[in-house]
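Listed below are the structures to be examined.
Shared between the two complexes below is chain A, which pairs with chain B and chain C, respectively.
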Partner chain A sequence: MLRASLREVSAALKEGHVSPTELCQRCLALIKSTKFLNAYITVVEETALKQAEESEKRYRTGQPLGVLDGIPVAVKDNFSTAGIETTCASEMLKGYIPPYSATVVQKLLDQGAVLLGKTNLDEFAMGSGSTDGVFGPVRNPWSYSRQYKEKLVPKSHPEDEDSNWVITGGSSGGSAAAVSSFTCFAALGSDTGGSTRNPAAHCGVVGLKPTYGLISRHGLIPLVNSMDVPGILTRCVDDAAVVLGSLAGHDPKDSTTVQDSFKPFELPNLTDVSKLSIGIPKEYHAPGLSSEILALWSKAADLFKNAGANVIEVSLPHTRYSIVCYHVLCTAEVASNMARFDGLEYGHRSDMNKSTESMYAATRREGFNDVVRGRILSGNYFLLKQNYENYFVKAQKVRRLIANDFMKVFRSGVDILLTPTTLSDAVPYTEFIKEDNRTRSAQDDILTQAVNMAGLPAISVPTALSERGLPVGLQFIGRSFQEKQLLTVAKWFEKQVKFPMIELEEVKRHDHGVFQHQKSASFS
Partner chain B sequence: MAAAARGCGGVWCRVWQCGAGGSAPRGQCSVAGSARSAAVPAGKSGLAPWVPVVGLEIHAQISSNSKLFSGSQVQFAAPPNSVVSFFDASLPGTLPVINRRCVEAAVMTGLALNCSINKRSLFDRKHYFYADLPAGYQITQQRVPIAVNGTLSYSLCTDNKMSQMVTKTVRIKQIQLEQDSGKSLHDDTRSQTLVDLNRAGVGLMEVVMEPDMCCGEEAAAAVRELQLILQTLGSSHAVMAEGQLRVDANVSVHHPGEPYGVRTEVKNINSIRFLAKAVDHEIQRQIEELENGGTVLNETRAFDSKLGCTVPMRDKEGKQDYRFMPEPNLPPLILYDTKSLPANMNHQQVVNIDWIHERLPDLPSVKRAKLVEQYGILPEHSFTLLNEDGLTEFFENVVKHTQMKPKKVIGWILNDLLSYLNQHSLTVKESPVSSSILADLLNLLERKEISSTAAKQVLVELWKGEGKTPLEIVKEKKLELIQDQEALEQICQAVIDGQENEVMAIKAGNHKVLNKLIGLVQRRTQGRSNPVLVKQLLEKKLLE
Partner chain C sequence: MRVLSVSRWLRGAVRAPSGGPGSPQVPQPGRREREVTVDVLDHLEHLALVDFRDSEGVERLQKAIQFADQLHEVNTDGVEPMDSVLEDRCLYLREDDVTEGNCTKELLKNAKEKVEEYFVAPPGNIPLPKLEE
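So, the complex of A and B:
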């Protein structure tokens, strides 16, 4: 039952095969037994059970609120949740309990979803590994899968076993791990440079970054306001469409959401892709792209070609400037956004009380990790009067060029772009931390970041397992506000590749239900 | 120190007065002044005269129910931190949402100040750390403000008698929308800072005036005119004492023909009177500094109203780089005119400049011209009428209800009503005598039922506010004019009989002495005789 998709479990709830409380309890139990993954920062057992109970009442009276009623979900710990600690995995916000909920959280709750807890991340979502939070790194559930373990070269020292676990990617690693390990049916992440798609790819789940302006950011603690979007992590594309439908639309509290009303949609089963034009951007053949992923990418392209789609190579010439441009724009906004954390109104406050200024300095030194402090410093440097034109304004101009590249390609008739999501499969934690956060982010965001610059929708779809038995995802990029088309194509692809289900001991123990969609042949 | 400032102030003040007499084109006031000043005695060191340059930055709090970017109320003197939304306290994840009313107020003000309204304006973040700025930045309009390139005409008198007015113009560089900060209260004894965020996020219009002024008087007159305009529009209450209008003055001095001097910024000015003083003091201070071989520092100074001088401010921000950045959470602010208004747009969601333009109320200058034309009063009287809140309405109501000519009514309004109110620090609204009561009184006078002396006596009674009508007081005090001509003739005769010397003088041709006899008749009748009639009677008896 826990391994079912959101839509399947929703149907089961409706049929009465399982009750919301039972479902919630099972998820909570699984969260406990997978605690070592460190996917959750906060688990709100009591309120979750209460919400489940409420849902149960509604089902009993035959008045459920919709597909999401009774569905256990998790939310990245950078979304404000009324009455629930919201930390951003930072010392700065430890103990901070927001008095209001983010619009997306409220929408989930209003539709009856059961909020299990808040998921782990890199501090203030700054990172690509989910390794740099104050609560420690998130472990990729696939590290404990039969598929991965079987392929591990047997180590001579059994005590080394613990060093084999791989990272989830990030920064929404907690949410990806939560969905991947079946502790919830959908989770919210955030995506500024790839933070939803990257861990989705590494954890073998679907990660959707909607068009900028489609979903409210109100209550999402910002990283880069002009690029942040709430992300959606689910087991399959259909589920992503369901969650998207429940979250999208204008929010009077977020002036950057579009006014046009949004109509939730169900995804058709595409049978004919021959009218589709799929673009393969050559710049995504980036340095460091593993041959394995390259091979999967061309295989995917062939899949479309063989099904009759028009597959063409396209060029996005400015994409290669995306990362350096992002570095300037991101750090500048970070410097600005982080200015509010001064210890006065909320969050950590240093004991230093010699003067207001010394209190600020100590508070911020104690409250932020090196990554955050480093970005604040660079950002303030770029914003200095003498540097503003040379850095910030230039970066904005380049951003426009990057966005224009996409526009041109789409205007030329391309419907969807197909690219890899990551350069390789997930690396072991011990390997990952050999490089610093900045280097890692620069490398890992390379295939996902440009989309944020342009505000476009993109989705990472689990495609196959690597030789090491770890998930690999491919990315589809669509036109602005054309989520339906994007997800329809992604769903068709998902159906073709038959990505295998993760086989976890813990889950088998907790889930006596049958495999809902046993998968046989896989794509690799 | 204050005395010295005043003493020397005369020197440079005459400099601008020379220019002020002519119709100097805008922006050239100081140049014109200096050109003419060659003939004016120079400063005490005997050098060329100084040309002061004054520019103003004015923050006007927008009169609106809620704040610029949040739904919390705007309320003066509410309990500390009682009107603070999550956004105002900068809780993480909160976003600004612009208040349409604030935009309209800024557009209205821009139009009234002859500005061009930018149909697309932008918001920026201005960063600095301060306890009452919770986000660590202020949202303002640094790059593209909502209104630019306007003008403000104001008048001031060139002498103390208020009889010679000149009209001047100051250019408005821009009007920008921005957030107010909270308030910090420093408790030095306990070395604590208390923060009140009630004001944090209230909408401000920053009006930037070009340095087209050259003395405190001009600055004060310009600000007063702006204040009247804002109050007429209702875009700001603009009460300086309540901090709804805050004025910073940029002041520098230079010799004619030389580039502008280093300027200082004078803050902490909380009344228009102090503005004039602060500017004049600062000009004087700079002149003295320079004439004594010193230099003027580019610094922020505060006006100390008790000492009457400016003092260097403990600079809370130091030399700051504000690290301006576009506000990413607010799309460009788009305004429409009737031509560009999209047909399918919901009118509740757009601001139409033309629509606002058509509904602008009469501005003070227009109101004054109308008063002068309609009632035949002097221009300077129209200024006084507008300067006092409610006085114009009071005047017009009196005029409406009396047969007395407006030209005569204005004398009663300005000399009697206004001076009484001023003496007792009352506003027009608080006047114990209503416009209709005053009209009743003036009607008695106009119908020659009482003398003007008697009318003043009645007014003294009316100020007591006991609810009596003028007629009742007249009856009670027996102040009505003696209508019985025979009785009056007898009184006149009695006076003539008692003043032989005066009668002789009059008969000898000294007609001025007649006034003394008129006075004596008045005294004997306790002011109840009509002086014109008395004069006729006396003349008849003595000169015919």
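So, the complex of A and C:
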């Protein structure tokens, strides 16, 4: 049952095969038995069960609120949730209880979804591993899969076993791990440079970054206001469309959401792709791209070609500057956004009481990790009067060139771009932490970041397992506000590749009961 | 002019003369060793208030600047800076009316130190101590 898709479980709820409370309890039990993944920062058992109970009443009276009613979901811990601690995985916000909920969270709740908890991330969503949060790194559920374990070279020392676990990618690693380990049916992430798509690719789930302006950012604690979007993580493309439909639309509380009306859609089953033009941007054949992923990428291109689509090589010449450009724009916006954390109104406050300024400085030293402080400092440097033109404005100009590249390609008749999502499959934690955060982000966001510069929608679809038995995702990029076309193509692709389901060994060992129980009620 | 004012702030900054369109305006990063002066550091610390005063923090900043310098390989002559991808749209602005309020208690709940309805700060107008060379 827990392995079902959102739409399947929604149908089961409707037909009474399972009750919202039962479903919620099973998810909570699985969260407990998968605690070692560190996917959740906060689990709100009590309120979740209460929400499930209310949902149950609605189903009993035949008045469910819609497809999301009774569906257990999780939310990244950088979305404000009224009455529920919201930390951004930072010392700075430990203990902070927001007085309001983010619009997207409220929309989920208003449609009857059951909020199980808040998921782990890199501190303030700055990172690409979900390793740099104050609550510790998230472990990729695939580390404990039969598929991965079978391929592992046996180590002579059993104590080494613990060093084999791989990262989830980031920064929405907790959300990706939660969906991948079946503890919830959908989760919210955020995506500024690839933070939803990157962990989705590494955890074998679908990760959707919608068009900038389609979904409200109100209550999403900002990283880079001009690029942040809430992201959607689900088990399949159809589910992503369902969640998108329930979240999209203008929000008076976010002036950067567009006012065009959004009509939720169901995805058609594409039978004919011959009218499609698929662009393969040659610059995404980036240095460091693993041969394995390159091979899967060309196989995917061939798949479209053989089905009759027009597959052409295209060029996005400025894409290679997106990481540098992002580095300047991101740190600049971070420097400005993080000014609010001073210890006075909320969050951590240092005991230093000599002066206001010294209290601010001490609070921020104690509250932020090195990555965040480093970005604040660089951002302030790029914004200095004497550097503003040379760095900040220069980066804004480069941003336009990056965005124009995409526009030119789409104007030439290309419908969808197909690229890899990541350079390689997930690396072991012990490998990952050998490089610093900036270097890692620069490498890991390289295939995902340019999309945020241009505000375009993009989705990572699980494609195949690597030689090491780990998930590999490919990315589809669409035209602005053309989510339906993008998801339709992604769905067609998903159906062709038949990505295998994760077989969680460790969880079985950790909690035999839960999975046994589950199997008997499973759909597949 | 801009180039001059930048190099005044940066010890050891060496800049190649601007090339024509299409040619890189500044040499590849890595060839230049820039050092951020103590004055700039002091100023930055007052703006950023992150207490980064250790050699590691300074080194990280230097690397960040060096990384950003790659931007100067791109010819952006005649390109308008882009603030937002929604620049061609008319964005929603609500009426300037009060729509929420009476939440003093709730907002004060998250503060560590307060007196009645006030947030409490330590004494003000005391600048941070200057950095030593």
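By definition in this document, the second predicted complex is superposed on the first by the 504 of 524 C-alpha atoms of A that agree within 3 Å, B and C clash if a C-alpha of one lies under 4 Å from a C-alpha of the other, contacts with A are read in each partner's own complex, and residues count from 1 in each chain.
By definition in this document, a contact is a pair of C-beta atoms (placed from the backbone, for glycine too) under 8 Å apart; a residue touches a chain by one contact, two chains touch by 3 or more.
Nothing here was measured: the structure is a model prediction, and the numbers come from that model.
More residues of chain A lie in contact with C than with the other chain of the pair chain B and chain C.
Once the two complexes are laid over each other on the shared chain, residue contacts for A:C325 go to chain C alone; chain B is not touched. In the superposition on chain A, A:K394 contacts chain C only, with no contact to chain B.
Contact with chain C, but none with chain B, is seen for A:S378 once the two complexes are overlaid on the shared chain. When the shared chain is aligned, chain B comes close enough to touch A:I221, but chain C does not.
In the superposed model, A:E333 makes contact with chain B only, not with chain C. In the superposed model, A:V427 lies in contact with neither chain B nor chain C.
Using the contact criterion defined above for the overlaid structures, shared-chain residue A:A240 touches neither chain B nor chain C, since it reaches no partner.
Of the two partner chains placed around the shared chain by superposition, neither chain B nor chain C is touched by A:L487. In the superposed pair of complexes, A:A403 makes contact with chain C only, with no contact to chain B.
96, 99, 226, 252, 255-256, 335, 342, 344-346, 356-357, 360, 380, 384 are the residues of chain A that lie in the contact sets of both chain B and chain C, per the superposition on chain A. Across the interface of their complex, chain C is touched by residues 96-97, 99, 212-213, 226, 250, 252, 255-259, 318, 321, 324-325, 327-328, 331, 335, 342-347, 349, 352-362, 364-365, 368, 370, 373-374, 376-382, 384, 386-387, 389-391, 393-401, 403, 438, 442, 454-455, 480 of chain A. Those residues of chain B that touch chain A in the complex are listed here as 86, 89-98, 125, 127, 129, 131, 134-137, 193, 195, 321, 323-325, 328-331. Across the interface of their complex, chain B is touched by residues 79-80, 86, 88, 93, 96, 98-100, 102, 217-222, 224-226, 252-256, 332-333, 335-336, 338-342, 344-346, 356-357, 360, 380, 383-385, 388, 392 of chain A. Here chain C touches chain A in the complex through residues 2-3, 5-6, 8-9, 36, 40, 43-52, 56-57, 60-61, 63-65, 67-68, 70-74, 76, 79-86, 89, 91-94, 103, 106-107, 109-113, 119, 121-128, going by the rule given at the top.
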